[in-house]
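Each of the next two complexes has subunit A plus one more chain, namely subunit B in the first and subunit C in the second.
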Partner chain A sequence: MKIWERYGIFFLFLVILGAFALMIPRIVSPNNLLNILVQSSIVSIAAAGMTLAITSGGFDLSVGAIYALVSCVLGKVIPVVGLTLGVFTALMVSMICGVFNGLIITKLRVQTFVATLATMIIFRGVAFIYTGGRDVELYGLPAIKVFTTGRFLGLPVPLLMTLIVFALVYFLYHHTPLGLHIRAIGSNEPAAVTSGIRVDRIKIAVFVFTAITACFSGLIGTAQLLTGNGRLGTDLALQAIAAVILGGTSLAGGRGRLLGTLVASILLATIGNGLNLLGVSAAYQDLSTGIILIVALAVEGLRQILGRRESFSAKAVAGIKSQEASDAQ
Partner chain B sequence: MSYAIEIKGVYKSFPGVQALTDISLNVAKGEIHAVVGENGAGKSTLMKILGGLYPADAGTILLEGREIAFHSVREAIAAGVSVIYQEFNLMPDLSVAENILVSQPPVYRRGILSKRALVERTRSLLDQLGIALDPGILIEELSVSERQVVEIAKALSFESGIIIMDEPTAALSSKEVERLYAIIAALKAKGKTILYITHRLKEIFDLSDRVTVLRDGKLVATLTTAETDEDTIVRHMVGRDKASFYHYEPAPQREVLLELKGLTKDGYFEDVSFTVRSGEILGLAGLIGCGRDELAKAVYGLLAPDRGEILISGHRVRIRRPQDALRHGIAFLAEDRKEFGIFAEMNVKENLTLTIINRLKHLFGFIQTRAEHETFRRYVDLMQIRCAGAAQRVMDLSGGNQQKVMLGRALATDCRVLLLLEPTRGVDVGAKSEIYTLLHQLAKKGIAILLASSDLPEILSVCDRTVVLWQGRITGRLSKAGMDENAVMRCATGIHVEAAS
Partner chain C sequence: MRSNESGRVRIDLRDRGILIALVLLAVVLALINHDFRKPVNMLNILREASFEGTAAVGMTLCIISGAFDLSIGSLLALLGMVTIGEMHALGLAPTILAILVLGFAAGSLNGILVSYLRIPAFITTLGMMYVYKALAQIYHGGVPQVATNAIFTKIGSGLFLGVPIPFIVFATCAVIGTVILRRTPLGRYIQAIGNSEKASLVAGVKLNRTRIITFGLVGLATAIAAILISSRMWSANSTMKSGNGGYEFNVIAAVVLGGTSLAGGKGSIFKTVVAAVFIAVLKNGMNLLRIEPYWQYVVTGIILLIAFSMNGLRAMLGRILPFRDTQRVI
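Moving on, here comes the complex of A and B:
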C-alpha cells in the first residue's frame, strides 16, 4: 500500500501516456508535452490549494465559483484601472471569499460540505448580479493575454505560475509551523484543539489559500477565454479534488502529497489532450473526467479498506512485538 | 505552607447529574496523589476542570497559592497543568517529535521550521524520561505504551509542574507498567506533582503518598497511603466490604455448546482445543500478546483461522464474518468500547436494539416503536443500567453503564454462546460486581460464556474453569480448585506447560 501511495500515480501517468503514445506518437512531441503542461495549469494551481484544504481535513467546493467571480471582476475592473490594479482587485476579492468561507465554517460551525456548497452558489450569484447577467468581454484588453500566451524566462507564464505556486505551497507545508499545524488539524482535530493550536485561524487561512489559488486559475482561464461570466469554472472544484485524491492525498486528512497532486493533474490534462488528438468529442471528455473521479474515490476507498485490515493485524502484531520487546529488555 | 493544588468547595453539574459536590482537597508539591472512585464518582470531571476543559460551577482552585479559573486547555497548560487522558491527544499522521512540540515548534528566524531542533529537543525530553524512541516514527506505528510515553514527554515539554494521569495503566502490559513506574519516579525526582487516577489498588500502594476516595461526586476520604489498606479504600469507594463481592453459586452445567478443535492462526495462536458447556463460565487467561484476544476474535469471525474447527452444539460451523457468528448464536463483547461496540452518538435505546432491529419491524418494514421501547426497558431493568432515559446519548454514560448497554445488546440477540474480551476494563468496582452477577444469571439460563481477561482477580472469582495461554499455546487447564494467582501466572509466563493432549 505504501508503494502505491508514494509512486502509484507516477506509474499510472507513464502507463496512460504510453498508451496514448502508441496510438498517436505525436502526443509525446516536446511541443505537445509543453501544451499539456500549460493546459493543466488551471487545475494544477487550484489543486495545490485544495491539497492544503484536504490535508487539513476539509475541502473547498466553491473554488469554481471564485474562479468565475474573478473573471467578472477582471472584465469589469481592468478597463477602468488597468491590468495590475485589476489583478490586485481580483486577488482581494478572492481573499474576501476565502475569509467568508472560513468564517462560516469556524464561527457558525457549518459543515464544510454544506458551507462551501452554499458559498459556491452565493459567489456565482454575486458574479451574476455584478455583471447584470451578461458576459463581460475582454477582447479589447490584450494585456491580459500575458497570463496565457506570455513567456517569462523562456517558460510559458501559466507553467511558471504553476511551478511557483507548488514551490510556495511545498515550502509552507514542509518547513513552516503553519504547515505542521495544518497537518495536525487534519490528523486529529480535537487533539489539535487541546494542544493549543489556533484551529479556527488556521482553517480560515486554508480557505484563503484555496481562494487565492482559485484566483490564479481564474487569471489564466480568463486570459484564455477573454470572457467573464458567472457560469465559468463549474468543473474546477471536482477536478481539483480528483487530482488531489488520485495523487495520493488521503481524504481523511493529515497527509498531503503535493507532488502526487501535480502529477495527477498533469495526468488529467494528458487524458484530455489525448482524447482531443484522437478526435474524440468533448462529451466523452466529460465522461472520462467522471470515470476518473469514480476510480480515484474507489482507489481511496479500497486503500482504506485494505488499510484497515492491515492495521487490524498490525495492531495485534504490534501488541505481540511490544510484549516480546519488553520481555527482551 | 503553600500547596501545589488547593481545591475548596468545588461544585459541578451537568444536565441531569450533579457530578461534583463540595470537593475540598490539598495536594503538596512533589506529592504523588492517587484519586480513586467508581466510574461516575466524579474523578474524571475533577481532572477535566483542573485541566481547563470546563470550568467549575462554584468553589475556588488555587495553584501555588494563586487562584485560577481556566477557560481553555491552553490556559491550563500555560499555568503548568498537563492532563494525560486515557484516549491520547495525539496526531497519528505526525511523527513523535512533531506531536511533542506541535504547540511550540522550534523555528529559525523568519518562521521557518527547524527540523534539527525538533529532533534534538525531542531526544533530550525522552532522555529525561529514560526512554529511547525514534523521534521520526509516526505515532500510528507506536504501541499504546509508547504513545503514552510521547504524551508524558509532551507534558514535560510544557514544563508543567502538575501532571495528571487518567488510568495510565489500563492498556499496559506488566513490563510496560514497570517502565511507567520508573518514569513517574523520574518525574517526582524533578519535583513534579502528580495526580493519578486509577482503579487498581495495587498501584495506589506502589506509587502514591496519599489517596483520595470519591463516591457519587462527594469526597469521602483523603488518606495517607502508608496508614491505610485495601479493604479500607474499597469500603470508602463502595460503602461495602471487599469480601462481600463475587459470591455466586456455580450453575448446573449441561451439554457442550462451543468446542474448539486444533484452532490455529499462524503467528497468533496454535492448536487450541477446549470446550465450553451450557451454564459454564470458562476463563481465558494469559498475558498481553498470548493470543487470547485473537482467539476470541477468531471465534466471532473478526479474524480468520488458518486451521482447525469450531463446533456449535456438536455441528461444525464456518465463521468468516460476525454475521455468521451471530447466526449461530454467538455474541461478542469487545474490549475497546469505542472501536468495537459503542455507537457513541446514538442513544441508549438505539444502542440496545441495533442488532435485532429487524425483529422489531412492522409488516411494511417500519420499526415498531413500542417493541423497541419494551426491549429497552427490559434490558435496563435486567442489567440495572443507570441512565437518564432511553434518549440519553450513550457517550454520556459512565464506562460501567456503557458496558452494560453493550452486554444488553449482545443478550438481545438471544445468543447461546457469549464471548467476552476484557469486559470490565475501565469499569469501577461496584459496576464490576453487578456485571459479574449478571454473568452468573446468564450462565444459569444456560448460556455458555467464554471470558478472556487479563484481570486475574476477575478470572479467579468469576470463572468455573480456566484455560491459560502462553505464546499462542495452551499451557494450563485449571479447575476451580486448582485456580489461584500463582498457578495461573506460572502457566501464563510459560514456567509451567501442560503435557500436550
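Moving on, here comes the complex of A and C:
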C-alpha cells in the first residue's frame, strides 16, 4: 500500500480543485489555471531546491533571506548596469550565500538547522545595510517585468522558469552521480563517507543549489513587486518546507519526491486562489495550509498504524493456519 | 571546573562556554561603557532576557526530549491577543488562569498529534504554526488589542523587591523546569526519550504521556511569555514578535546557544537562562555602543555562528595546532 504515499498529493489536489470548481466554476477556466501556476512559481522554485536539501538530510532556513537580499541587489544594481548584468550579479551574490552556508555546515560542522538560522539573520542584516533599510524601487525599469508578465513560446515566463528548474533538478536527481550521492548522504551519512563519497563537496553543492533557486524566486518576486526590501520573504523557507513535506519527501532524508513538491506547491497556490475568488480573508489560507499539512501527514501516520495492525493479525492468521496444517499432518 | 590528576584546574570549554562568554562580554562592556554599569541598565537586561527566556525554558525540555516546537511564535501572538481581548469581560486573575490552561492545552494538542497520529514534531508544529497564525488574524478581525487594566500593565514593567517582575517569573519557571528535569520521573523520561525513543519504549517509559506533557509545558511556558510580553507592550497584535527571524527561531537559538543539543538527550535549563541573558546583554551592549540596528543583525548572526561552531572550530584548530585533547589548560 504505497499508493497514498506516492499519489496521495495528486488525489488531494484533484479533490480540492474539484471542490472549488463546484463552488466557483471559473476557477478551472484555462486563464485562471495558468494564473494559479504563475502564482505558485515563487514557492515551487524555492521548494525544488529545498527538496534536494531535505533529501540530503538538512534544511535551508535562509532561502527567505537570500530572496530578500536578491531583491535588494536587483533594485540597486539593475539601474546602474542594466538587466542582464544585474541578474548575473544577483545570481553571483546568491551563490556566495550558498557557498557560505555550505562551508559553515561542512567545515565547521554546524547542524544545518541552526547554521542556516544564523545565516538567515546575517543575510537579512546585509540586505538592510546594503539598502539602508529602505525600499529600493524599480518602477522606472519596466524591463524586469519580463520575469512576471513576459511570455516566451506562448508560456508565461515564471511558469517556464518553474518547468526548467524542475526539469533540471529531476535530471540531476535521477540521472547523475550527484543525485545518487545526495540520496546516499541523506539516507546514511557515515556509510556515504565510508564508501568514498565526497560528502562535504556535495553538501556545499546542495546549499549553492538552494541559494540559486531562492535567487530565481527572488527574480520573479521582485519583478512582481517592483521593489527590493530586506523584509521580504519571511515565510518563504517554511512555505517551501511545507510544500516539500506535503509532496511526500521524507524528513529523515534520502527519499525525495520532486513531482510531489511541484504538485503540493500548486495545491497551496490553488487554495490561495480559490479562497481569494470566494472573497475569504487571507487568514483562512494560512488556516487551511496548516490543517492540510496536519491531515495529510495524519493520514500517513494512521495508515502506518492500521497497516501494522493488519500485518500483525495477518501474521497471526498465517501462523495459526500453518499450525493447523502441521497438526493435520 | 574540575581538577585532574596532576592537580591543575581545567575548564571544559564545551561545558562552561556560554557562562564564560557571558562574563567576558559583561566585563568588557562594563569597562568600556559607563551606562552599561548602571544598576537600572542591569535590571533592564534581566527584564528583556525574560521575554524570550521564559519560553526557552519550555523549549529546552522539548529539545532535550528530541523534538522542537515551531508553533510557539504564532501561539504567543494568539494568546497575547486573547489575554488582552478577554480581560475586559473576565477580569485579571481569571484571564491569566484561562490563558495558562489554554497554553497548556494548545501545547498538549501538539503532543497528541505527535504521539497518537505519528506525525513528526517538525510538521505538526509547522502546521499548528499556520493554524495559530490564522486564528490570531481571525480573532476580533485581527485588530490589535490594547490593554487598559492598570494592574495588568504593571506586570511587564513593574519591580518587586527591586527585581523586575518578568525576571522573577522567568527565574521561577527556570527553577521549576530544572526540578522537573533533574528530580522527577518525568524529567528522567524526557531525557530517556531524547537519548533513544526505542530504548525508552523497551524500558517501559510511557512515551505518549511524556510527549504530551512535554509539549504541554512548552505551551504553558509560551502562555506565560505571552502574558509578560503583552503586559510589557500594553498591547498585542497578530504579527507581534514575528520580525528578526521570528520568535520561535530566536527561542530555539537561545536554547542551542545554551549548549542543548538538537539531537536530544542532554541539556541544561540553567545554561539556557545564561544564554538568554547573554543575548540580552549583547543587544543592550550594541544599543549602548550605538551600533546601527542593521549591523546588529550581522553581529548577532556571526556570534551565533561562532557559538554553534565551537566544537567544529576546536576540531579544526586541533588538526592545525598540537592540542592534546578538546580541553584546554587554563
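One rule holds for everything that comes next: the second predicted complex is superposed on the first by the 287 of 329 C-alpha atoms of A that agree within 3 Å, B and C clash if a C-alpha of one lies under 4 Å from a C-alpha of the other, contacts with A are read in each partner's own complex, and residues count from 1 in each chain.
To be clear about the criterion, a residue touches a chain if its C-beta (ideal position, glycine included) is under 8 Å from a C-beta of that chain, and two chains touch if they have at least 3 such contacts.
Everything quoted here is computed from the prediction, not taken from an experiment.
Engineer: Tell me which partner touches more residues of subunit A in the superposed arrangement, subunit B or subunit C.
Structural biologist: Residues of subunit A touched, subunit B against subunit C: more for C.
Engineer: Between subunit B (first) and subunit C (second), which, if any, makes contact with A:I121: first, second, both or neither?
Structural biologist: It touches subunit C, and subunit B stays clear.
Engineer: Determine, under the contact definition given at the top, whether A:N31 touches first (subunit B), second (subunit C), both, or neither.
Structural biologist: neither
Engineer: Scan A:L251 for contacts with subunit B and subunit C and give back first, second, both or neither.
Structural biologist: So A:L251 only meets subunit C here.
Engineer: So in the superposed three-chain picture, is A:Y284 touching just subunit B, just subunit C, both, or none of them (first/second/both/neither)?
Structural biologist: A:Y284 sits against subunit C, while subunit B stays out of touch.
Engineer: Looking at A:V193 after the superposition, I want to know if it touches subunit B, subunit C, both of them or none. Which is it: first, second, both, neither?
Structural biologist: first
Engineer: Between subunit B (first) and subunit C (second), which, if any, makes contact with A:L108: first, second, both or neither?
Structural biologist: A:L108 sits against subunit C, while subunit B stays out of touch.
Engineer: Once bound in the complex, which stretches of subunit A touch subunit C?
Structural biologist: 61, 104, 107-111, 113-115, 117-122, 124-126, 128-129, 132-133, 230-231, 234, 238, 241-242, 245, 251, 281-287, 289-291, 293-294, 297-298, 300-302, 304-305
Engineer: Taking the complex as given, what residues does subunit C use to touch subunit A?
Structural biologist: 70, 113, 117-120, 122-124, 126-131, 133-135, 137-138, 142, 242-246, 249, 252-253, 256, 262, 292-298, 300-302, 304-305, 308-309, 311-313, 315-316
Engineer: If you look only at subunit B, which of its residues touch subunit A in the complex?
Structural biologist: 53, 73-74, 77, 88-94, 98, 102-103, 105, 107, 111-113, 140-141, 143, 145-146, 173, 175-176, 179, 267-268, 287-289, 293-294, 302-303
Engineer: Show me the residue ranges of subunit A that touch subunit B in the complex, using the header's touch definition.
Structural biologist: 174-177, 179-181, 183-184, 186-188, 190-197, 253-255, 311-313, 316-324, 326-327, 329
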